[in-house]
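Pasting the structures here.
In the two assemblies presented below, chain A is common to both, partnered first by chain B and then by chain C.
And now, the complex of A and B:
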């Protein structure tokens, strides 16, 4: 790491530190908003780590998230809480690797459909197991407060950023950028494309499962229909694309305005939140193809051209 | 420049209006309500939850408001849609408490959403009197959330009483020993089927057919087919609204008419009678009310006038009763002081007069008087089994789809 890189990291570290003080400074209302934002930052950023360079749209977030909540639901009485996100991450990673090995040979719309179906598949599987064993809806009664949940999510976000930064510098990151640009070329220059994609796909799997495990105490009552709600997958995709996947900070730039807007719409026009989702999607497709990251790059380019002339 | 001036003027006006509002605000109590208006449970909430809440507010205001020590206070209702999403239910409760600064909150709709919102209610000191949460965890929940109160009953008791209806019928020599037991494969159905099976087998019944189906299954013909070919005397289905309708539909189509036909949630909905008319005479279901009680009849008439539809014969009245309890606690304290109202509710010596009859809470904040099983009799869903409530009528044998 050279001096220039350290200079780039410092502002982010300070931002993270500032974010850690949110529960102390702001009201519980803003804490609950911040918790939702932190959750989506982790989900969207880890999603973009895979989907950004490879251009594979994954709708599997809800599947991994649900697996995580069930890990906590089953384990919180017998295991110390700090182990649960780790176990969830391990399971999420394994699930992602399995799914990746099967599906990452598919591309385009086939992959999207499969990942969408995955959440439903896992949900039915969990329900089936519950039905066979007589296990039922689970009550996660703990002393964990929203503040604890927020800090855990913040820590997880730091890990995701670190992972993203390291991957960006590694051979794997370079390989993935080549795959995203032209997979045939990548294969011809000797990159094991399947392995690279599977390896990277485990990251959103692990992160989403860990988020689910951390958030389970907030839901208290865990049942398959809410734990595997497909809306979550779509929200993550929209937020990440709104921010832009070209940069590590892109999803963050999408999550914050989107969450605030969602909250505003919920207050002002309670039934119009799904409309918002649709409009933002149209906006991304027609106006902001690169998200806010793309917009920022365009503005900078124009500014530099203007300055040079 | 012009825009800035305009903004300043607008802001000043807003302040002035807000000031006016504050001057007259002392005579109102703000009541927050967040429940599904969209998402999977929106249909159920539109039948059971929203009309009951709005009716109580309208009737209370029509009577001049709640009697406080300082005079009468009108109720102002603030509504949000929680999108049937626990995440949004948490956020909505938080928003009502800290942004809208409501004095009290209506408990959410359904077991899951009530539990999701429970920590917020507890943390901010709001009483949470639930009319739509059915659970067996009252002791654990009351220990963790001492501000949470339960009016609708316990799952274990509901399953036991349903089984008991069969035991009584068999002892009277009306039915045989063969039971078909099916459930929707979700938390609720699995739990209820588990308890019923244990109780029925313990009572010497033979489960001749048992099956389950995933939530949202459209085609339930195989289930009815299986129960029919097993020649069951009694059919018990721990079902959710969609499948309650679908199972009934299929049973009619296939002419499956055992001596006891029981479906769970939504059997008590007016829409169930609306769909099947007189065919459902004798069908048993979850819940019930004392349909002959003048208090319920008056509620039903007012509900129909306000919402254009009658209440359901179970949780509608319980939802309305949660607000009666809250209102009486506020009046007893004589102010909108939340902590004092909560203390009043937590005092087990206090009791409340509601359309359900008297309500009081035990050491688990549970009102132990509730309806468990009901039956369609002459176009009305009457309670046939209850704990601590009067007016249960005798069970009739199901004599086929008329």
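And now, the complex of A and C:
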């Protein structure tokens, strides 16, 4: 790492440190908001690591997330809590690799539909197993507090940023950018495109499953219809696109305003949330096609042109 | 001492009931420019695409320095030393010109990464005559410059054999002269090149040998002067009464 890179890392480290003090400084209400934001930062950032460069829109977040919550639901009484996100991440990674091997040969819309169906498939499977065993939902009663959850998510977010930064500098990251531009060219310059895509697709899988495992105590009662709710997958896509996927900080810039907006919408118009979600999505596509990252790039370009001429 | 780099033996490609390439066989020796010519639809591009691994041949063998390429996917043929350009130029629009060329250097036959890869890419861009436009975005390159970038990318992995699929097509007369000089200079530095081409001037001045294809089969092989005076070749190009 050279001096310039250290200079870039320092503000991020300070931001992380400041974020760590949120539970100490702010009220429980704002801690709850911050926890939601931390959750979506992990989900949207890890989502964008894969979907940003490859342009494959994955709606599988809910599937991985749900698997994570069930890992905690089934294991919290017998295993130490710190092991659960690790197990969930391993399962999420394996599930993502399997799904990736089957679906990443599909392109565009087929991949989108398959990933959406995946969450439903896993949900139905879990429901079926529960029906067979006569079980319904599960209570997750732990001594884990909102603060603990927040700090764990913050740590996970730091890991995701670290992974993103390392991938961005790696051959894998470069390969993914080439694949996103032209897959035929990628193959002809020697990239094993299937392997590269599967390798990267495991990252959002692992992250989302770990998030699910960490958040399960917050829900107290978990059942398939809430754990695998497809809305989560759409929220993650919208936040990541609102922020923009071209830069590592993009999803963060989408998560913060969107979480606040969502809070406002659900309180003011609880029956119109989906309608408003749709409108926001349309606005992003039409007004902010590159998200805040694209907007920022446009502003900078204009500024540089103005200054140069 | 010349030795065989690429051997094509008994290669056939069927698309359903259509036989696009039938029992093709030819050798390419080191430091040679081999032309594949023939009328439209004669199977030239299909032949090139099988060598580069875009799709596998239905039958037959393609060997690069003794190693079998037939049936390997494109990323493996690239690693074994096949570099190519495309009939319709394919660049990576979101990447810079230099990154477009680095892309060819990182994963292929001879690999470079980081500063050496970038230095190699810049050197190749100078080599193909794109030094001046190196900082431009891909979208504002002229047509011949996009072809230059693609050529530099194909060269960046130091391929054993370079496939140029109508690389000279669509250039205006001035650009064509420049393009022919460029390909000739590549030959002079000892590269082995397979050229699919329609431009007769280019074939005459660049190719050491030519294979002529018609309706998927080889109908002649030899120096450009020989094959272009061959009665069957002339009939294949001009004979309206052969197939309508």
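Of note:
Here, the second predicted complex is superposed on the first by the 308 of 309 C-alpha atoms of A that agree within 3 Å, B and C clash if a C-alpha of one lies under 4 Å from a C-alpha of the other, contacts with A are read in each partner's own complex, and residues count from 1 in each chain.
Rule of thumb we're sticking to: a residue touches a chain if its C-beta (ideal position, glycine included) is under 8 Å from a C-beta of that chain, and two chains touch if they have at least 3 such contacts.
Here the structure is a predicted model, which means the values were calculated and not measured.
With chain A as the common reference, chain B sits beside chain C without any clash.
On the chain A superposition, the C-alpha centres give an angle at chain A of 140° between chain B and chain C, rounded to a multiple of 10. In the superposed model, A:184 lies in contact with chain C only, and not with chain B.
Of the two partner chains placed by the overlay, neither chain B nor chain C lies in contact with A:78. Legend: residue contacts after superposition of the two complexes on their common chain; A:146 is shown touching chain B, with no touch to chain C. Counting the residues of chain A that each partner touches, chain B and chain C differ, and the larger count belongs to B.
Judged by the touch definition given at the top, the superposed model places A:33 against chain B, while chain C stays out of reach.
In the superposition on chain A, contact is made by A:127 with chain B only, not with chain C. After overlaying the two complexes on the shared chain, residue contacts for A:192 are found with chain C alone; chain B is out of touch. Smallest inter-chain Cα distance, chain B versus chain C, after superposition on the shared chain: 39 Å. In the three-chain superposition model, chain A touches chain B and chain C at no common residue. Against chain A, in their complex, chain B makes its touches with residues 37-38, 40, 79-81, 83, 85-88, 90-92, 94-95, 97-99, 111-112, 115-116, 118-120, 123-124, 137, 140-141, 144, 183, 185-188, 190-191, 194, 212, 214-215.
The residues of chain C lying in touch with chain A in their complex are 52-54, 73-75, 78-79, 84, 86, 90-95, 102-104, 106-109, 113, 153, 157. Residues of chain A touching chain C in their complex: 171, 174-175, 177-178, 180-182, 184-193.
Considering their complex, residues 27-29, 32-33, 36, 124, 127-128, 130-131, 134-137, 139, 141, 145-146, 218-221, 223-226, 229, 231, 263, 266-267, 270-271, 273-274 of chain A touch chain B.
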